[in-house]
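Note that the chains take the letters A, B, C and D in the order they are written out, and that residue 1 is the start of every chain.
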Amino acid sequence: MLTLETLQAFIQAYAARLAELCTVLDDLDNRIGDGDHGTNMARGFRTAADRITGETFADLGALCQAVAMALLASVGGASGPLYATVFMRFAQSWKDCTNVDFEQVARGLASACEGLRARGKAEVGEKTLLDVWTPASEALAAQPDENGMRAAVASATKAALASRDIPATKGRAAYLGERSVGTCDPGSISSAVFFEELADATVGGVTKTSWQT
Amino acid sequence: MLTLETLQAFIQAYAARLAELCTVLDDLDNRIGDGDHGTNMARGFRTAADRITGETFADLGALCQAVAMALLASVGGASGPLYATVFMRFAQSWKDCTNVDFEQVARGLASACEGLRARGKAEVGEKTLLDVWTPASEALAAQPDENGMRAAVASATKAALASRDIPATKGRAAYLGERSVGTCDPGSISSAVFFEELADATVGGVTKTSWQT
Amino acid sequence: MKKLMNQPDQYVDQMLEGIVAAHPKLKRIAGTQVIVRAHPKAKVALVSGGGSGHEPAHAGYVGEGMLDAAVSGSVFTSPTPDQVLSAIRAVDQGQGVLLVIKNYTGDVMNFEMAADLASMEGIAIEKVIVADDVAVENSTYTVGQRGIAGTVFVHKIAGAAAEAGMDLATVKRIAEKVIANVHSMGMALSPCTVPASGKPSFVLGEDEVEIGIGIHGEPGTHRENLRLADEIVDTLLDRILAHSGVVTGDQVAVMLNGLGATPQSELYIAYRRVAERLGAHNIAVHKALVGEYMTSLEMAGFSISLLKLDDELMSLLDAPADTPAYRQR
Amino acid sequence: MKKLMNQPDQYVDQMLEGIVAAHPKLKRIAGTQVIVRAHPKAKVALVSGGGSGHEPAHAGYVGEGMLDAAVSGSVFTSPTPDQVLSAIRAVDQGQGVLLVIKNYTGDVMNFEMAADLASMEGIAIEKVIVADDVAVENSTYTVGQRGIAGTVFVHKIAGAAAEAGMDLATVKRIAEKVIANVHSMGMALSPCTVPASGKPSFVLGEDEVEIGIGIHGEPGTHRENLRLADEIVDTLLDRILAHSGVVTGDQVAVMLNGLGATPQSELYIAYRRVAERLGAHNIAVHKALVGEYMTSLEMAGFSISLLKLDDELMSLLDAPADTPAYRQR
């Protein structure tokens, strides 16, 4: 179950994790992009976490809307509008709810995927964060319970690592063509961490990957 | 005795020697100046040597005037006007002579020193080529014969090496102040080589220093 | 790489403070990273921007005959939609606003979101997307070509159209004509270092260069050994000419753009070859711009942009401009 | 350091070819390294120059309101007297020629020899020697202060005086007034490499900088650890202010000059501090120039020049100029 408290805790934990992983994500982006994905994500989720600290929100919709706005105003780059879209979709899906069950979480994730596709005009397999979001949200949809959350993390992690072996055809890494093969997509890694922290906040006991470049 | 042939041979030999020493002189100038003294000198004397190759000159005056003009038009920097002045003074001193004895060579050198002082407004001890020209020409004046030529080389070499231990107060190295101590003055080294080659062309058997930075 | 800076997280903010301190004809909208003209004019407004680190782009092109506002993101990071929206609101004079966007996923998404918000507020808004970099083949990678230094020609020419009082549709049509006719390609001799990370964007061997480089420190399409300037120019120019459709008898404008650390002397050495090659093809250079117009921090390298001109573009290109980085009578 | 060049011994020649190819208002005197205006004007003529490697100085300042000719030597090497003489002969319109020389032994000797030869030909010739660098104490070293970026103010202001039709004595007096009132100092974060030698001019550690640098790659007065931009600016500015006699209430022009590889963003970060400091002293900045005006190949670093203005200097500084590197209406 996702509550106002667990979602707040998730934002804080994800912000902290991104701060730790900032250099790893920057380094990955350095190889196949412009070297700022970690800095962008850490800055954005720090802003979002600070924005919601000490605040009370009427429902998950209001909380997610606040996070979306904070991301939109602080990230920039490609990841800003994309992660902001995720939280806007969450806000729509979970409007007026103070807690949601895993079916509703799965619907929120599916809507987020749809939003990401619409915003970024990418398909699965183009070496973008969509490669992670799609299988992970499908895993939860297939089994909307605690185990499904863990399965989502597993497929997110797997997809993030698999992004190493394909060339990018969307985003900045696409300009490198075949030279983008051999490096994991930074947005896919930050997304896998998203699922790790979301699962840890909701179901607990997630073994966190120690991501390396 | 200095003849049209020995002076021509001297120019050729000096040009060749400067080409060999180009990097050494550039490196010295790099440390306490702008790194071009070797390039400047090699370019200038190559031009002068090419200018006089295959030409016949009525007298030493005409030959020295041709060399002066070639240096003036090809060197630039501080060394261009200075070495051009040397050959202009030679041209005045040895006007209408096809050969000169060591007394006349000494007078030519003394006049060159005077020209250098007038042109560069430096005194002995300021870490410029004057530190070499002054004692070397005085050595020949004191003993205007073959041994005097060798004594001139010895004092030129000694003065060039001694330039290492003093700070520059004229020329580009002066901007470094005390930081110029510890590096030989490049113009003093090119001058010492001048005397080595001049003596070798006129009296022969000069042991040439293997100059290092 | 050593940086002349204070705290890395103040880099963009302090740069913007310096820009407005130096140029009294510019001002900054308080609390934003938006630079606008101090004395706005009633006309269609032009807004551009993108990540910082490309100076003088884009704040250096704010002024008479060019932009009305420039929005600066963090270094190499697109600005956020709220910043772009502030710029749009500030410059709209009721005659509409044209956004000049470089074709990067991040820039396009952030500017488009701002455009949507501005439309909702009733502002007439149009956008053009510059995609002049021929290094990346459009066909293979669905992302399309990047926008690089050719963008400055869009600022100049569409800016002159707006300054002349043309309406939004016309200014947009002209901007699109420039975009259709400008082709660029770049190369790097050395990487750059983003202040926040402090690490070089890539590592090149003593004799290596990157061909087909973008302007965000990303590696290029491939790596080669360093060759003579003339040979490098030929590689870029051949490809640009192949894409541009410029032929004998055409009139063009050329930009030989330094990426940051390459001395002007070397830009002119490279331009010499461009002029020689175009001359041999009987392509007339109506105007040449040699210098730093769209940089990548302290990257060494350059790009060539070729703009095919017709009478309309030519007269707008020749119109006066008075901005910190582009002035002509 | 990788260079964008062909043969090193063609470096200057090909650069000059590129300059005249790019700028139709300039032309080169055939067989020389002299750049002159394509359309000379009947007035007192201004000639400057020096070694190459300082681009846009000096050819970039040839044009309306500034120089009539620029003479380029080899990289960092003063041009020879015959080259300077060619320039003088080409630009003299019978109203005399002013030579603007930077204070280096080589430059002074070569330009003076040319002046002597020109006088002998009956040309009215005067010279001024710019010595604006306060890094080197005049008292200790008899060689005097160097001429660095402040020279550009002499070109601008004396150029405006000549363009306005003032006579040789007046133009010289005004140039000397600029020289008396301009003070500069620079620092480097990294060295540069002369094309012919291919070796860096000095080697700095990861955290070291050179303070009191010249513009020929020579080391500075001393070496320090890298500090914050604001602290470095303060070091230079304190010394400049101490030498300049500029006090509260004065009007000044400021040049924040990049030495080659420092991005414009960082020049503006440094300028921000200059503006802040001068503001605190109540010194009014009438005009700020931020950019690359007098470089040292691809050296990273900058210099600050402060020019104290009176009404005469101010109005000449504000006069129009139209040259490749300095344009204003």
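In the analysis below, a residue touches a chain if its C-beta (ideal position, glycine included) is under 8 Å from a C-beta of that chain, and two chains touch if they have at least 3 such contacts.
Everything quoted here is computed from the prediction, not taken from an experiment.
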Shared chain contacts [chain B and chain C, defined touch]: D
Relative to chain C, chain with the most remote C-alpha centre: B
Chain centre separation (chain A, chain C; CA means) in Å: 32
Whole-Å separation of chain centres (CA-atom averages), chain A against chain B: 74
Between chain C and chain D, centroid-to-centroid distance (C-alpha), Å: 29
Residues of chain A engaged with two or more neighbouring chains: none
Overlap residues in chain D, where contacts from two or more other chains coincide: none
Topology of the chain contact graph, where touching chains are joined (line, ring, star, complete, other): line
Contact pairs between chains, per stated definition: A-C, B-D, C-D
In the complex, chain A residues that touch chain C: 23, 26-27, 30-36, 39-40, 43, 72-82, 119-120, 126, 168-172, 174-177, 179
In the complex with chain B, residue positions of chain D that touch it: 51, 73-82, 104-106, 109-110, 113, 135-136, 140-143, 146, 194, 196-197, 199, 201-202, 212, 214, 216-219, 221-222
Complex contacts: residues of chain C adjacent to chain D: 2-6, 11-12, 14-19, 21-23, 52-53, 55-56, 60, 189-190, 206-207, 209, 226, 228-230, 232, 256, 260-272, 275-276, 285, 288-290, 292, 295, 297-298, 300-302, 322, 327-329
